[in-house]
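Scrolling down, you'll hit the structures one after another.
One chain, chain A, links the two complexes that follow: it is found with chain B in the first and with chain C in the second.
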Partner chain A sequence: MLLDNKTFKRSNEILYVFYSADELALPFLSKIGIQKCIYLSEILSPLKEIILSFLNFIYLHKGPYSKDIQNILDYLVALDGIEVDSFSTYRRKNSYANYKITEAGKSLVEDLIYDPMEKEKLQWIRIVLKLIDAYKDAFDLSEEYKGVDKIIDLVYQEPSFYEISQRNIKGEFIPMGNKNTLTMELIRFLEKAEKALPPNFDREKYKLDLEMVLLVFFEYLYVEYLSKKVQI
Partner chain B sequence: MKDEYIKLPIIKEVEVKGYELFKSDWKYEFKNGLNLFVGGNRLGKTTTVYIILYGIVGIPQENKNFFSDRVVYREQIKDVRSTVRLNFDIGSNCIEIERNLLNSQINYLSINRQIYKKDDAQILEEIYSKEIVSMASISSLDDYKFLLEKLLIREEEGNYLLWDPEAQIRVLRLLFNYEKFDEEFRKFEGDVRKFDTDVRGQQDIQAQFRKRLDSIKVQKSSKIKNMGGFGLQELEKRLEELNKDKVALHSSYKSILEKIENMERDKKQSTQIVHGLSNEIEELDSEIIRIENTFFKSVYSDPKIQLADHKLKYYQICMFCNKKIPKEKARSIVDEIENKKRCPVCSSEFKREIEDHIDERGRTRLVDDLVKKRKVSKEKKRELSLRQKHLDDMSKKLKGLWTGKSKAEVEIESQILAIDDIKLKLSRPSIERKEEIAVYDRDIKILQEQVDYFQKIIDKAKYNRTKALDDLKKKNDEFNQTLEKMSNALARKFKEYVNRFLDECDLVVKKRKPKGSMISLKVFIPKFNGRERIFVSQVSKSEAIFLEYAFRMSLCELFKQITGNESLLVIETSEGTFDIGNARILAEIISRFYSNDSYLLVISNLGRTDFLRVLIEKTKKDISNRVLNFLEIGRLSEEQERDRGGFDEILKELFNI
Partner chain C sequence: MKDENKIFKIITSSTVLKVLKETQKIELVGFYNKLEALLKRDIPYGTIGQKLVLCIALSFKNQGEWNIFDNGVLALKIKEGLLDGNNVILSNPKGNVINVIKGIYINNYVEAEEFSKKESQLVFFISYMEVHLFINGKAIYYIPNIMQSSRAGVDTPEKLPAREYRKLIENHYNRHVYKEKGSFKYWQNKTRRIFICNPEIQFNKNLYSYLDLNVVDGHVDKGATISGLDDRTDIRIITYENGDMYIMEIKCLGKTDSTKYNDDWANKGLIQLCEYLKDENVAKIGILIIYDGRMNNEEIAWHPNIKWHQKIDKKPMRFFLESESASVKAKRIYKEIKKKS
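Coming up: the complex of A and B.
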């Protein structure tokens, strides 16, 4: 596998997801769950002014999907950064695998966060994972969905995805940072608010406060989920 | 006797023959002093006055049927030889003339006993006229006609000399001047009138040309003004404004160009800086990526991490299922990876470098370098952002300036067009002047020549009028001197006549300009109770008649006194004369006139015996041969015939006839 800068970063970010899941004592992450965690982390990242490595997501019935994630997962398995906790196939070609971070993977993350920027990314992903963990059991899903996979109903409400889902075209790219979505509207509002702050304002504290803002956003998605559920 | 004065006709005898108005032929011999024609109405008394008048001057052409019309029934006219024979004196000359009353022809003429043969009526008329003019010191028979009508015979109601200034002045001129004076006066007056008419006539013609000239001037002016919707002055003003604007616009355009030039220069510099910064950042970022890669590679090559091929090589563990595999199989796969550098699954070429592991110190150094470079990159990116923003602002401003430049160019272009348009419009009048205005100019020239031509004629006519007016004024001044000489005497006589009727009534001289007169003239007007009676409406009817008789009698008396010539005054009493008490006063006034043997004919109705009685009393002469009784000669109506006896008694009592 070609180890370029972009692949390293994508690998890093996926490792941070597994690292955070381990911290939160989440037993494993499925192929579906990891996709959702990375999608939410990436689409909301402008809130924290961090740049994630821009994975391309497409619309699938089971939520946003990036094939790069699967490749990196395979690479990380080969690297022994993560390991396959359980593996099964269904309908012949389709596989279902659960992953978890290895000790070598944890060591790798701890080396990576020597770099402050990488540390910041980990912090951001940790917050998102924390909220996913908090909300994951709030949805009325079938037995098929376990653990973090349960967050799928929340991701469906995310405005960028929701807009695409209305067209229901399988494989359509989800535009990250669509200016017309409520997500970006919220991000722009916060950007303006940040710019209006006085120069001596404690911006670090402000960024922490943003975690509260993120919580509100999750709450909004949840309310959307509930309202649609009532309609159904 | 002063020959230069007019000589009035003194009627000695009148004889009418064959005139159907009368039942018989008759004859009357005038005496100096009082003569009375009496009778009833419609018996021919007034006609007799005209028989005398037209007998002397001829029947006017416009009134040629006068005498035949007076006959009630024209078929009564049987004798075409209705004639009047007049015997009258002019000065020392005796004239005897017989005229046909129906055609005015002279049947017989004898002057100073020389009888002129009636071969040719026309020639006889000419001889008569010539002789009369000569003997009477008058210009024409018209003078006689005028005097007889206006002064000597007062038959007509409203025929007032006192309140007819034109007639009064002419009467005075005729009576109190040498024979040609009135003729000359009227000639000058005619000249003035003629030249005045000339002036007015030419002025009227000139006014027509002038009106047309003014109209064409207005049309021309309007034409020039309307060319191109603007007047020339407006166009010139507009051009001036546009030229001023042009200067301002060009200055503004120049300023825009300068700004663009400066800003483009600044933009170029900024762009270079931005490019420089971008390059620096790019280099920095490449460096950062390189360091990151070094860092990531070192991390990922940590020996603590068991790579899949590592596990396979040293522990013969499957990279997929973590289970132990045979050594030979493992060696074969590792050989594929390390030596043949091919993927053990798909056999594709394998580019994989195993990085040397970096120790912790080295890693820390790398991260510090990374952080440092990121910081620099961040700062440079911020600077780049600011520079880019500045550049964007500048581009926006430049865009605005370029738009302004384009706009200014459009404005300049449209202004140039507007200026060209106005210049074209301004040049157009000169072209049109040649074509259209020239027509006006030609007309103006022609009309101006006409106006000037008539001005010369008018000036000449005005000169002639002034000259004639001077002559007329001189003549009038001459007359005024005469008038001044006789005015006191006339006023005195007038006062003597009227004082029986009106206390303190004077005759005063007043300047008036009669209708048709070219100058102001002096006339006599009565003044009583402190007021000048300029108009007849300012006196009562009886006052008007009394004053008029007094004026005429005064004139005749003064004429006789000054010239030594006699006059015959005819007075026909009118109905308005006889108010209560007035008849006696009038009779006394009239009797004063004939008391000095002046010829006077009073024509009266028999109704006012009190009046007649006073007249007879005052005459102190045998009255019976001074009366012409129209009851005797006239054709009486049935009513008159019935009352005849009563009138005869009156006649017998008054006149013993």
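Coming up: the complex of A and C.
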């Protein structure tokens, strides 16, 4: 397999997701879950002005999908950075692999983060993973999935994905990065939301730092999910 | 921006954001989410019906023997008598139980608040469907009925804008107050129509929680000070769009074990509201809400010399609190009909 520099960087970032999952004592990440974790880390990354080596995600009915991720997972297994932990089944039909980081993978990450830019990427992914962990067991999420995979219900509500899902064109590219997307519009609004409140509000009290912006973003996805359930 | 009100609602009212602000720990947001799911899943089966306090230790090192979030485990432990005589569970943010504190039984939310001061921790006090959350002696959130509550910002059929305040107050009465059909109990002795202690505080808390969740375009707060003064309003709504303020004053008429409140108390409430409105320039409207626990359902005799402020809703909302069962009521009405004929 020929690997360019970009693929190496992408592999590092995926390894950081597994490293963070291990820190949070998540037993494994499935190939479904990892797609959602990378998608959220990437679509939200302009918030911290982190430059992740962007993957292309397309719209699929079962959520945002990047074919490169599966290739990189295979590559990381071959490198002994991650290993197959177990298999899960979906609707008793399809089975899919669950992966976890190996000791070799962990020491690779610990070497990589000597580079401050890589360390910053790991810190970013760690925060996003913490939020995913905090929401994966929230009330009323679909019972069809288990563990981190349950976050899929919230990813469906992610504004850029949701907009495309209304057109329902399989394979349509989801715009990423610091572009004029609905996700960015929401994030930019959250960063200065307190300024949009009338003067008789204690605006200082409602100022959000980075973690709070991310939390409100996740809470918004959850609120949207619950609202749609009520309507059904 | 689409959904601006929804986002403001999350920013100003969301419990999870309050938890993060107070503790700086995303892990505790996860704990809150899991606990809410556990209670909503298990309470309907009556398994978590006892008074139960959960207290979280912030250490990740302590690995407990069991996890309160594992399916059915907490209910089973309660059934086995784990909490007999004790009701404080010390757990880490993952839900792993470090220990059950021996010799401590927390009876009510006031004790739970005190306990959270001592332990400097996040404390949930759960009593049937009622949930209180304290952090370091500070009350963060109160949910009168977890089964009927949702997250701030969720669209439900009961959501209304602040200008529909009368409808909101009426809906609250019908859903939570009428004949104590919700989890909210306000009679100490229903037959003799005696209120519990401090009924106004209880009505205030209950209405506040309802409005906080169901006012779609404004922030709801309680006990806020009037601009530049020491006076505190019962409940306020401030709209996100232009800052319009709705002030609500709550009065209970009737009797408690020690005191009797009659028409004079309602008149005092009216004057109080007039004073608030005089001092608060941005107020749009003031409404007096009366929960009437007197023996007879009679209109209030408003004192003719009171000058009603121009921003006061001229129709104070009075709810006569039913205490009779349907059969007793039917018997009485029929007796009256017969007497008339």
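We take it that the second predicted complex is superposed on the first by the 188 of 232 C-alpha atoms of A that agree within 3 Å, B and C clash if a C-alpha of one lies under 4 Å from a C-alpha of the other, contacts with A are read in each partner's own complex, and residues count from 1 in each chain.
In this section, a contact is a pair of C-beta atoms (placed from the backbone, for glycine too) under 8 Å apart; a residue touches a chain by one contact, two chains touch by 3 or more.
This is a predicted model, so every value here is computed, not measured.
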Which superposed partner A:200 touches (first chain B, second chain C, both, neither) | second
For A:219, decide between first (touching chain B), second (touching chain C), both and neither.
-> second
Counting only touches as set out at the top, which of chain B and chain C does A:211 meet: first, second, both, neither?
-> second
Touched chain A residues, chain B compared with chain C | C
Touching A:138, do we find chain B (first), chain C (second), both, or neither?
-> second
Partner chain(s) touched by A:80 [first = chain B, second = chain C, both, neither] = first
Residues on chain A lying within both footprints (that of chain B and that of chain C) = none
Residue positions on chain C within touch of chain A in the complex are 1, 3-4, 6-8, 10-12, 14, 16-17, 20-21, 24, 26-27, 29-30, 33-34, 36-37, 40-41, 69, 94, 150-157, 219, 238-243, 245, 282
Could you pull out which chain A residues touch chain C in their complex?
-> 25, 127, 130-131, 133-135, 137-140, 185-186, 189-190, 193-194, 196-201, 206, 208, 211-212, 215-216, 219-220, 222-223, 226-227, 230-231
Please give the residue numbers of chain A that touch chain B in the complex, ascending.
-> 1-5, 8-9, 11-12, 78-81, 83, 104-105, 107-108, 111-112, 114-117
For the chain B and chain A complex, residues of the former touching the latter = 289, 292-293, 295-297, 299-300, 302, 304-308, 311, 319, 322, 351-352, 363-364, 367, 370-371, 374
